[in-house]
Structures are given as C-alpha cells and as structure tokens.
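The next block holds one structure in the form of structure tokens; read it before the comments.
Note that the chains take the letters A, B, C, D, E and F in the order they are written out, and that residue 1 is the start of every chain.
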Amino acid sequence: MSNISHARVSSNAPYSEGVLNRSDDATIRSALARIPTTAALDLLKEQDPCQLVLSNVKTLFPLEGSIAGRARTLRFLPTRVDYRKAPGEPPNFRLLDATQPGDFLIFDAQGWPRGSVLGDMLALRAKINGAVGVATDGVMRDLVGLEGVGLPVFATSTFPVPSAPTLVAWEADVPVQCGGALVVPGDWILADRDGVIVIPERWVNDVIDGFEIFTKEEQFCRALLLDGLSLHQAYPMPPAIRPLFERYLSDGRLPSEAEVLKANGGH
Amino acid sequence: MSNISHARVSSNAPYSEGVLNRSDDATIRSALARIPTTAALDLLKEQDPCQLVLSNVKTLFPLEGSIAGRARTLRFLPTRVDYRKAPGEPPNFRLLDATQPGDFLIFDAQGWPRGSVLGDMLALRAKINGAVGVATDGVMRDLVGLEGVGLPVFATSTFPVPSAPTLVAWEADVPVQCGGALVVPGDWILADRDGVIVIPERWVNDVIDGFEIFTKEEQFCRALLLDGLSLHQAYPMPPAIRPLFERYLSDGRLPSEAEVLKANGGH
Amino acid sequence: MSNISHARVSSNAPYSEGVLNRSDDATIRSALARIPTTAALDLLKEQDPCQLVLSNVKTLFPLEGSIAGRARTLRFLPTRVDYRKAPGEPPNFRLLDATQPGDFLIFDAQGWPRGSVLGDMLALRAKINGAVGVATDGVMRDLVGLEGVGLPVFATSTFPVPSAPTLVAWEADVPVQCGGALVVPGDWILADRDGVIVIPERWVNDVIDGFEIFTKEEQFCRALLLDGLSLHQAYPMPPAIRPLFERYLSDGRLPSEAEVLKANGGH
Amino acid sequence: MSNISHARVSSNAPYSEGVLNRSDDATIRSALARIPTTAALDLLKEQDPCQLVLSNVKTLFPLEGSIAGRARTLRFLPTRVDYRKAPGEPPNFRLLDATQPGDFLIFDAQGWPRGSVLGDMLALRAKINGAVGVATDGVMRDLVGLEGVGLPVFATSTFPVPSAPTLVAWEADVPVQCGGALVVPGDWILADRDGVIVIPERWVNDVIDGFEIFTKEEQFCRALLLDGLSLHQAYPMPPAIRPLFERYLSDGRLPSEAEVLKANGGH
Amino acid sequence: MSNISHARVSSNAPYSEGVLNRSDDATIRSALARIPTTAALDLLKEQDPCQLVLSNVKTLFPLEGSIAGRARTLRFLPTRVDYRKAPGEPPNFRLLDATQPGDFLIFDAQGWPRGSVLGDMLALRAKINGAVGVATDGVMRDLVGLEGVGLPVFATSTFPVPSAPTLVAWEADVPVQCGGALVVPGDWILADRDGVIVIPERWVNDVIDGFEIFTKEEQFCRALLLDGLSLHQAYPMPPAIRPLFERYLSDGRLPSEAEVLKANGGH
Amino acid sequence: MSNISHARVSSNAPYSEGVLNRSDDATIRSALARIPTTAALDLLKEQDPCQLVLSNVKTLFPLEGSIAGRARTLRFLPTRVDYRKAPGEPPNFRLLDATQPGDFLIFDAQGWPRGSVLGDMLALRAKINGAVGVATDGVMRDLVGLEGVGLPVFATSTFPVPSAPTLVAWEADVPVQCGGALVVPGDWILADRDGVIVIPERWVNDVIDGFEIFTKEEQFCRALLLDGLSLHQAYPMPPAIRPLFERYLSDGRLPSEAEVLKANGGH
C-alpha cells in the first residue's frame, strides 16, 4: 500500500517492509496489550531475553496494563558545529509527520542525559497520527505538557533543555540500539510498568499463542500456594503434578492438597 | 537596609547586595511562578541553557506549577577529624535563621549521596522564615517529616543519616556549584516538576517579558497541530506563516488549514 | 523449638540461633514499627550509622509508617555454565518455604541490575508464611503482580527478566552484604519510605527505649520553632534550655519565648 | 578512481566521496602528524572543541608524536538472537579488506565494555592495507598480539572476549558517534598521547596553517616564563607585548625582561 | 592427605577437595602458563566466556606471559561496629598462612574501592608459601612494597588505606564472586596482561588440549594475511581452505595465494 | 614576612597564616619525603584516614619516592555565560605567580572530566616558582609538554580541551575539597605512586616522629616472615613478641624462629 511506502522516511531501510501485513497489526496489538512484559519474556526465555529489554527505559507517568506497537526508529548522533542538523529534512519531524496508527516510536539517544528528545508539541503530533507510545534511552522534557498530551512515554529521566545543543536527529527507520537492545523497524514493542521490550516479528505469534496456557499455569500454581502448599510442591510446577494441571485445564478443577502431595511422592 | 545586611551571614560575599531591590522581588516571584522551567530555558536559548540546569536535582514530592525565589547559598565540604565543624557558628543554622521571605536555599553538597543536608526541623525553620524552597545536589532525609512541613524540596535522592559524619556546612551566601551549575547569591531560582534552574538577575526580565508571546506562539502552533497540520507546516513555526500568527495575536483568529498550506507555498 | 531449627536452611549459620527468644519478637516488632528509620539512626549515632543503611534500596510501592522484622538472608552469586544452580536444593525456594512470621528477607544480589530476584509467586509464598518484607540491592519484577500480593518490597529498581540467566541463589541464612551493609541472620531490619536499615540485636532495646524521650525532645523543639524561635535558641536543643525540657517532660508545659531567651542567656 | 569507490563498503554513505582528493592526503597527513591534539583544539577553539574529542579513548601502547588519517567508520549494534550477524557480508571484514593507505578506522561500539571489537588478526589486516590507526569507544583484546602488529590502537580498555556474543558489526562508512563525538567518513582524525580528536575537513587547513604561528607564540611565551616573568606579564600573551612578539617573528630576537615590563605598563 | 585438609580453613567448603589430585597440578600449571587468556576464552566459546572474566581486574605491574594456579578464595563483607572482625581467627591471615604452592588467591571485595585488601606484608607471606598470584575486584596498596615482593597481583586500582575501617575478611575457601564472575575453590585461574579469567576444572583439559591446534590455525591464517590475502579469503578460516590447513598441519607447507583463491572458489 | 602575606591571593582566607613558620618547612618537607603515603596513613589510623585521601587522584608520570609540600588551593566552579571569568584577576594566574618554594598546589575541579585545569605553560610557571607538585580531582592536558616541565602532577585523567568552556577558576587560598577530601591552605600534602593525601598541620610531627619506629617494626616483621614464620606468629606483631622487638631496637638482633614460637606460647 502506497501509504506505507511513503511512511518510510529514509531510502536505506528496507527492514520488514516486504513482509508487513498491516491489516493484521491491530489484531496483534490488542492481543499483546493483554500480556505483561514479564510474561512475554518468560515465553521468550530461549531467545536470550536480556537482549530484548530496553534497560533503564521506564514510563514517565502512571500506566495501566500493556501497550504494543510496531517499532518506528529514530537515531540521534552528537551535534558538531558543522552538523547542527543532519543532511536533508530533519528526520525527527519527518518521522513524526509520517507516523501511522499503531507505531511505537523508538528514539536511540545513546543514553545521553542532557538533551531532551521529546517535548509536548512533538508528542502531540505523534499522538494525532496514531502513535501508541514513544520510548528513548535518553530524556524527555515538560512533564506537565507531556501528561496533557496523554501519549504513553518512556525514558530514563527528564532534562529541561531540548536536544539541539548536544544531539542531532540523524536518520529515521533504520536499525538502532535503545537501552542496549537492538531495535529494527517493524519489530514489535511491548511496554508496561516494568519497562519496554522488543519482540522480533518472528516470535510474536509464539508469545501470543503461548500466553493463554502460561496464564493458566500461573493461576493453577497461585491457587496451590494460596492453599498453603510450598514452593517445593507447587512452583515452579513440578513435573509430577502436571497431570493434575492437565485435569485443571480440561475441567477447571483444582487439586486438593492431598492430591498434590501424593503426586509429588508424599514428601 | 539593615534588614538585608543582617541577612548575609558571611562577610565575604558581596554578591548582588548593592543591586537588589527587594521591594520588586515579590512581583518577579509571582511572574516567574507562571513560567515552566522549559519555557524559561527556551527563552534563554542564546545563553547556553545547559549551564543553567541543576542536573539530577528533582522535587521529592508532587508539585504543582512553578516556584521562584532568590538564591541563598550554602557550601558543604567533606568532614575531617580536625574540622567536624567549620570555624565560627555553623553556617547552616545561621543561614536558616537569617532566611527571609522569598529566599530559595541552594545547598552545594558536591553530589554526595551518603549524608543528608536537610531534615524536617531545619526545613521547618526555613518555612517559618518564608523560604520558598530548598534544593541540593546531595540528599535529604525524613520524607514523612519533610512532607509535613510542606516546604518544596529538591534533591537527588534520600539517605537516612545526617550529614555530620561526612559533610560539614562550611560557609553561606557565597557562589557555589549545585548539580553542575554555578549559583551566585541573588540569582533567581525557578523550579517545577522538570527540575531546578538558575536565572541570572540580568535576564530575569527577558524571561518574564518574553513569556507572553512565547505562550501565544505555543498556543497557535498547538491549535494548528490539533487541526491535523504537520510539523512541517506548523511547528516550529515556519517563517512563512508568521503573518498568520501576527493576525492571531491581533484578533485571536486562528488560520484555516488552507491558509496555512497556502502560506507555506502549497507543499 | 524444632520449628526454629528447621527454619534454618543451612547448617553453617549458627548466627543468633541460640540467643533468639522468638516469643519476644512480636513485642519488639510492634515497638519498632512506631519508629522512623531516621530516628533509629539518630539513636544509634555512636555506632557509625552509615554502615547500617542498605544504600539505594527503596520501597517499590507507597508505604505507610515503618516495618520491622528479623533478618533472614539469601546470597546470590553470578551464574556460570557449570553452576546454573547451587549444589543441593535451590536455597531461595527453601528459604521461602521455611519463612516464619516476622521474618524480613534480605537478598544479597551484589547490586546486579539485570536479573530479578523476586517476582509475584515467590512474594506470595513469603507473604503466606508471614514475612513482613523483602529487600534486595538488586532488582525485582512484575510490579502489578507484586502490588497485588501486598508484601512490602524494597529494591534498587525493576528489570523484567528473572535472575536465572545471570544470578544463582547460592545459600540462605548466612551473613551477607546488602546495599553495602553487613546483614547477619537474626539482625533486626527496619524499613520505611526513607529506606531500609539494619539494627543489630544488641542495640534494639536501646533504640526502643530511647525513642520515647527522643520523640518528646523533637516535639519540644518543634514547638519552640513554631513559636518563632531560632535554631540558635531551639534546635539542636541548647544545653541551657534542658531544664525547661525537663519541666516539659514532667508537666507537659512548654516554655514561653521569654523563658527560652532568658535561659539561653538573652542573646 | 574505481579504487576509491569500491573502498566504500555500503551504498548509503555518500559522505565526502565527491570532494575528497586523495592525492593531497599524504601531504595533509604529514602536516598534521607534527601537531599535538591540544594545539589543534586550541586552533579550533571557536568550533566548540569539546565536541571534537573522542572521550575516554586512549592509546593502549606508548606512543610518540601524533598520528593522522582519514576516518573510515564502523558501527556496532547490540546482538540479538535473530541478528547474530548483520544482513549481508560482515561489514567489519569488508571494511578491513577495503582499507586504504592513510585510513584511520573509527569503531562506534557505543561505549560497550564487555566485547572486544579488535584483536590481532584484524589489526594485522588493517596494518597491511595501510591503516594508520584504529580507535574505538569500546574495548580491544590481546595486548601482546596487538603490540606485535604495531598498529597504533586507541580504546577505553581491554576485555578478553570477542564482540560476537554481545555486539554485531552492523554497517561501515556511515556517520557514527565515538566517545560522544560525531565522526563522518572523510573527517580527519588526529591522535596522540592525550587522546583522539576529529577535525572536520573544512577546518583542516586552518589547523595546519595556524600551527606555525601558534608554535612561535608558545615558544615566545615560554622563553619569557623561563626568564622569570609572571603569567601576568607573559602568558596568555598580553596584547601590549604583541609588538615585541612581532619583532621576534621577524628577527628571532626575544625581548628583555625590562622591555616586557615596560610594554605592559610597568606593573 | 592431612596437609591438604588443614589447608582448608573453613569447614563448610567441601568444594573440589575430594577430586583434586595435587600431583598433576604442576603439569597443568605449566601447560596453562603458555596460553593467553584470549586463546583460552576462544577455546571455551561454547561455555558463555563472558561469565568467566573477572571484569576490571588488571595487573598492577608489567607482566610477561600467563600465570596459572588453583583458586583459593577469600570473602570480604562490609565492616560494622559490632563486627570489626569476623567470628574466629581472621580468615585472611589463616588463608595466607595455609597457602600452598600453586595457589592463586582470589579476594572477593565486592568492588569496594576505598579499602585495600592486600599490602606488601601479606603479599610476602603468600609469596613465601608459593602462591602464584593474588587477584581482587577491590584495591591494593603500597605499589613500591608490592613490586618489591614480586608476586603478580591484579586489582581494579589502588587506595592507600587498609580495609580495616570498611571491610572485614569474613571467610576463606568458599565460593565467591570476583569482578562479576563466580569463583569456586579449586577452579583454575589464568591471568595475563589482558586480565584474569576462571577456567572450571572440567574444562581445563579441553583448553590445554585444544591450544596446539588453535595456535597452528592462527599461525596459518596469519601467514596468509601476511601474504596479502583478504580476511574474506583467510580469516576466520573459510571451510573451503581447511584442506590446505590440514596439509599445513601434516607437512608444514603453507599454500600459495593462488591455491587459496582457487580453494575459495576464485573470488 | 611581607613575602608571605602577598603570597595569599585572596583576602578572605586567613587559614594558617598566623601559625606558619616557613623556616621549618624545608625540614618538614625533607622528613616527609622519606615517608610513603601508606605509612603516613597507618600512623594516622586514629584520625579517620579515609578522609585524608584525595580519591582517584594519581600521578600522571612515573614517580620515585614521596613528595611533600604545603597546600595552596584553587577552587573552580562551573562556567556560566555571565561568569566566563571570576570577578577580579583570574585567581589561577594569580596563584601561580604567587607560588612559593615548597607549595603543593591543590585544584578543586569537583571531579569534572571534560576541561583541563593545567597545561604545560602554567605548570612551567609553578615549577619556576618552586612548587613541588600540582594535584587535581579534575584533568590535565598535554602529557608531552607536562613531562617536559618535570613538575610532578596528579590528576584523574587527561582531556585535551582547556577548562575555559566549562570551568572557571574562582578563588585561591580558600578551603576546598579535592577527591572528596577537605584541603585547607597550609595543610601538608604528601604524594607518591599510591596517591595523594592531606596531613593536617597538627599531626605532621606525629607522622614524622612515628615513622622511624614504624619502619623498624616493619623491618622486624618482614625479617620474621622471610624466616618462614606465619602471619599468626609475626604480623601484625603479636603483643607477646614485643619484648623481642624491643631487643631488636636496642641491639639490632633478630630473634630466632624458636624464640618467636616460644614467646607466642608455642603454638
């Protein structure tokens, strides 16, 4: 769809373009929005989950539940007297003008704490265009204004001076790092009170599909703990009681304490 | 005025004394209290605004709006066995007893995180004397007590042991650093949720005078964005639409989208 | 009592075992729960109070008042391919299953920020067993889940990946460091909004016994400050007005401003 | 020349290509190699010299004099399970194979301390191809091997594990940051014992041309100091003695102490 | 042998005791002493080598080649007024008195930079007893004295005050962390100019056995690079030229450039 | 002597002036120059020696032995657009012009790493005036030039841009912090390879007087260790063998191993 191609604001970033089927995105977004980041990472535990966390990037405002979107990226570089702007149109303005519903904007500020990469006006433009969130490993400014906009924003802290004297928005829609994690345009981003993570496209369905059984297992184990059973007996679920869990899955019936103890071999 | 001279608690700090006209201070304070720190720094963008920020110094409690006052300063140095106290009367007690309405106390703790420079009793004395706030690049203690006092306080964190084993209040009303910024007695201090900044006396009227038009410009641009115009068309305000802004200033009339596009040359 | 001995999950930690009289613990806990950490440290000011603070360990949720309990400890070490688990049963599960009412769990994570040492299921087990709190100089995860459990928890931050890839729970009920402080099993732990501190057994009664007079003294001085007296006259209490304080202790009568000035020698 | 165009290993980096006249580079290199980094930065003092320093990037071996070359760049990003390699041929190998005489390789490792971006084999290939140096804001490994190769190398430290588990070489010959400075392919790099700096093409002749007079001025001032004159009289050169310096430039004659004092007005 | 058992200075550390055959240690030590840490880690690349590095622990003096020994460990904890010493005899003195030839002492100082864990007298005792080295993630003191002793020592830095006011040696011969790596008594420690690493017992023969072929492969590839071949052709060794390497192993004959190009398919 | 009073470059610093007897300084300097910093701190172990260390301040060049001098101080503050210079004459130039033989210059740069507070020209002036060293908790520049001057210099690192854009020399000869230690003009400064420490005037004779016996004790214990005695028997010197040490002091005779064992009670 031509809409999408003009959405890419730099020509050297063919990432994901071909494979994205934007019509499914809304479905994925709402499925992910039910999943805590911790659950998603547990479901990705074979994929080196530490590499999927945007470290030290936290919500600036109280946040309910999870937010999910497709990564759109922006790369900042240090300013130099002869490069107060990047060549061409400023990519941050271009990216925000080209933002589409469901985009989650990821700003690679290289951890720089002394130049804000987002204030209320740019946040407003992103919000109007349908962005679901903005995250950076740098800082933002104008907490009152940003809160007024109402777009979920994630950063390491705040600093009241804009990025102009120290950082320059260099290019958009290219692979970046953010908080020590690789983010490629088209990746899925999931954020909640615990932080911001990246879910590569190839695993997003594993996460969504695995979440139901994951939740059931947590419910099952929590119920046993609430019955007074020990971690040894109940969590992480010992293989010996898995048949009782299968029964719970089929008929919703929780085992008695005696059943659990017996299954675990009486100790 | 004798009132002022006894307020200075060390004889070697003639900063600002001569030029201060305390009778105007209340007017300036209330004017500044309408201005966010981010706006003030934008209005000071030619003055190297990064140098005006007390880095990492943040409000310890929820805060509404802005707070402004004249800087009164206190310089801490590391304790040594032979200097558990500074020569003479403790300058922190003297400063707090000599605090006057409208003073904003700035404690240079050199970023030291393991000795609190303010607890509830000293905060209470400052409050009673009319201080508008206290900021330090060190730490404070007794959140419950400080919250009870109700004086706005700004610090890098908290630590429950007082400064005595590690820091000594050395002198008051002298130039200091705080959070990496130079603060000279008599400077204006402005603080809000985004942080704490210093506004040198010579620029305070520029900030106050510039704020009205600055606000109008933000309102104008925000309205255009809310109309769906792009950053390219609307913000930062392109020179081509400034006549439309002038019209808005004179009669409050916002331009239509078509007017903006036309003014910007149709692209 | 056999209950206690099975509570100790490693044989090499005889700390305090012999001297603990668990029947008094509830009394001590409720006495400590009235004391702010700052007051306790002031009462311990001869005992090098900086060494008693678990630095950078803060409550993850809003907290009312103080919480006190006996230290139970857990020591984490870095993971290695050949030591993904410690020898024997996992000590974190054993410790949580052996937790007893009034225990305050202290997890030594050596400040590691990238592996969570507590999530909601383990917190639930601790809560059911009567733990009063968990503190670590590492990180925790699942803020929503932890908040749901309702157990007070203290950490340096959050990280959404569990400790397994990077940390291994190595042994329980041994002396550890946490936040740069030594914590020995059986020590008292006291926590509030200002942080978490350790009170060695031998001084806990000093703290409890000293708190009443400490509070009276603070009330007395605060009243004088509220009367408009200077720090020089009122706080820290000058020796010259101590007789007035003694009178206050005996009959609750606060001195007049004139009485204070006279006692202080008229200046 | 076709040689140059194949030297660029990624198509999206047209920086400097058009304007470089490689035939002059050897001349510039040898001119720069006489200039200390401190002198170059003094000559660039109007260009915000702090932004030209690759902070914390230091020579790993004893170094004589200065080294200069054209920047060739390499950008690393964090590894992810699904991106153990960048798309296409590994750009670090391609860059090193395409290195040309006079190239100064700049590796943007984003300050990562736990994965080496250069060992002895790659250094050897760079050396054979004529590289004059390699600098990174990350780390290198194999000090013995690197010293054997003899190529000047600059890094923040060493770490004995290669980058593969944590960093991926992503693209070459694009603008990067290194040590907090912007480096664009084709920039001049100058390095000595004091560190590594970038000199944008447009100012390189200013530096070279200004160095002679700069050196003379330093010699002149040093001679006066060695004569026992004060900084007040001799350095930084007071305007009043500039005629004496002009005389020195023309005939090599240093002024007497009396001449200097007289020129400075006798004080 | 009773000698060994009294060498273990705490009863709760059965690590390795049973399996060590000290008579082989000298052979292993001299085999390891030929291997650079970087080569050992390359040979352990399937074992998560980053976890085997004692980060930031560097030699304090110029060092030739590699040093290898069995880990003996010492764990420091923070001092507290009531624990200026650990219970029982000071474990650091006991450990040093019980040091045996070939021991490599590892001091877990938890990264503490302000209390020295080794000075010249203790180093001398270790040296006399046959220690091959001492490494800590803390600091040491008395560079002149330590250099005089001549024992290789590795630390993060120096600090001239001993550990007594801030750290207490708590126990010896137990598992510890050092520089973020797990070290278990009996592990092999290998150190050179690049740093200090731990080689678990189970892999030490893999390292020793693999080193010869590893070295041959490096020599082979280096020779090809010196012939002017590209990394693409020569390093890391492409599978297509492995037969040429096998030939080199059997008869020492290096391939010609043409042979390599042909084997690699002519490109 | 009028010479001294004009040496003080700011009027608000009466520290030590009255009590200094400069004629004794040369004697003290040469006595201190025989004492390592570690020995001096051991002799000051009752005076909280950690507070006497200028942390992270290290010699920039190879250094033999110890250097001692009287502290002259300089305090830097952050630059601000309206305070590019301090009021009055630049205090760094004034201090260096007023430097006297035996002065040890201490520059409080508040740990700032990005602006050099000393280059070769200023170092030359200090050297000519007889300074014995310069130490800062900031950075210096021009290693080649500084090495040429030959004045011992101590800093945290180097940075090639001068302080002017970021720091301003504010006042001289006032109490400062440096590396977290309080330094008052007139204090003694002692520096060697291990670092830089401050010795308050009142204790300098204790250090000098105590050093001889301290050295004897170290020699005695070292000799016992070299004889193969354990730390338990020999170091720190057990009270039971002190009579043997007294004998050694009187006649230089070292005890036999048997004598030591017997004195220590045979164990």
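Remarks
Simple rule for what comes next: a residue touches a chain if its C-beta (ideal position, glycine included) is under 8 Å from a C-beta of that chain, and two chains touch if they have at least 3 such contacts.
These figures come from a predicted structure and were not determined experimentally.
Considering the contact criterion stated above, the chains in touch with subunit D and with subunit F alike are E.
Counting hops only between chains that touch, subunit B reaches subunit F in a minimum of 1.
Farthest from subunit C, judged by the mean position of CA atoms in each chain, is D.
In this structure subunit B contacts its sequence twin subunit C using mostly different residue numbers, the overlap staying below half.
Distances between chain centres, each the mean of the C-alpha atoms, put A farthest from subunit F.
Centroids built from CA atoms put subunit C at 35 Å from subunit A.
Rounded to a whole number, the gap between the C-alpha centres of subunit B and subunit E is 52 angstrom. A straight line joining the Cα centres of subunit A and subunit D is 39 Å long.
Taken residue by residue, subunit E touches two or more other chains at 48, whereas all remaining positions touch fewer. Arrangement of the chains shown, judged by which pairs touch: an irregular graph that fits none of the line, ring, star or complete shapes. Listed by chain label, the pairs that touch are A-B, A-C, A-D, B-C, B-F, C-E, D-E, D-F, E-F. Looking at the complex, you find that subunit D touches subunit E at residues 89, 93-94, 96-97, 113-115, 119, 121-122, 124-125, 128, 141-145, 157-162, 165-166. Subunit E makes touch with subunit D in their complex at residues 36-38, 41-42, 48-50, 53, 55-56, 192-195, 197, 218, 221-222, 225-226, 228, 230-232, 235.
Those residues of subunit B lying in contact with subunit F across their complex are 11-12, 47-48, 51-52, 77-83, 110-111, 168, 170, 175-177, 180-182, 184, 198, 200, 202.
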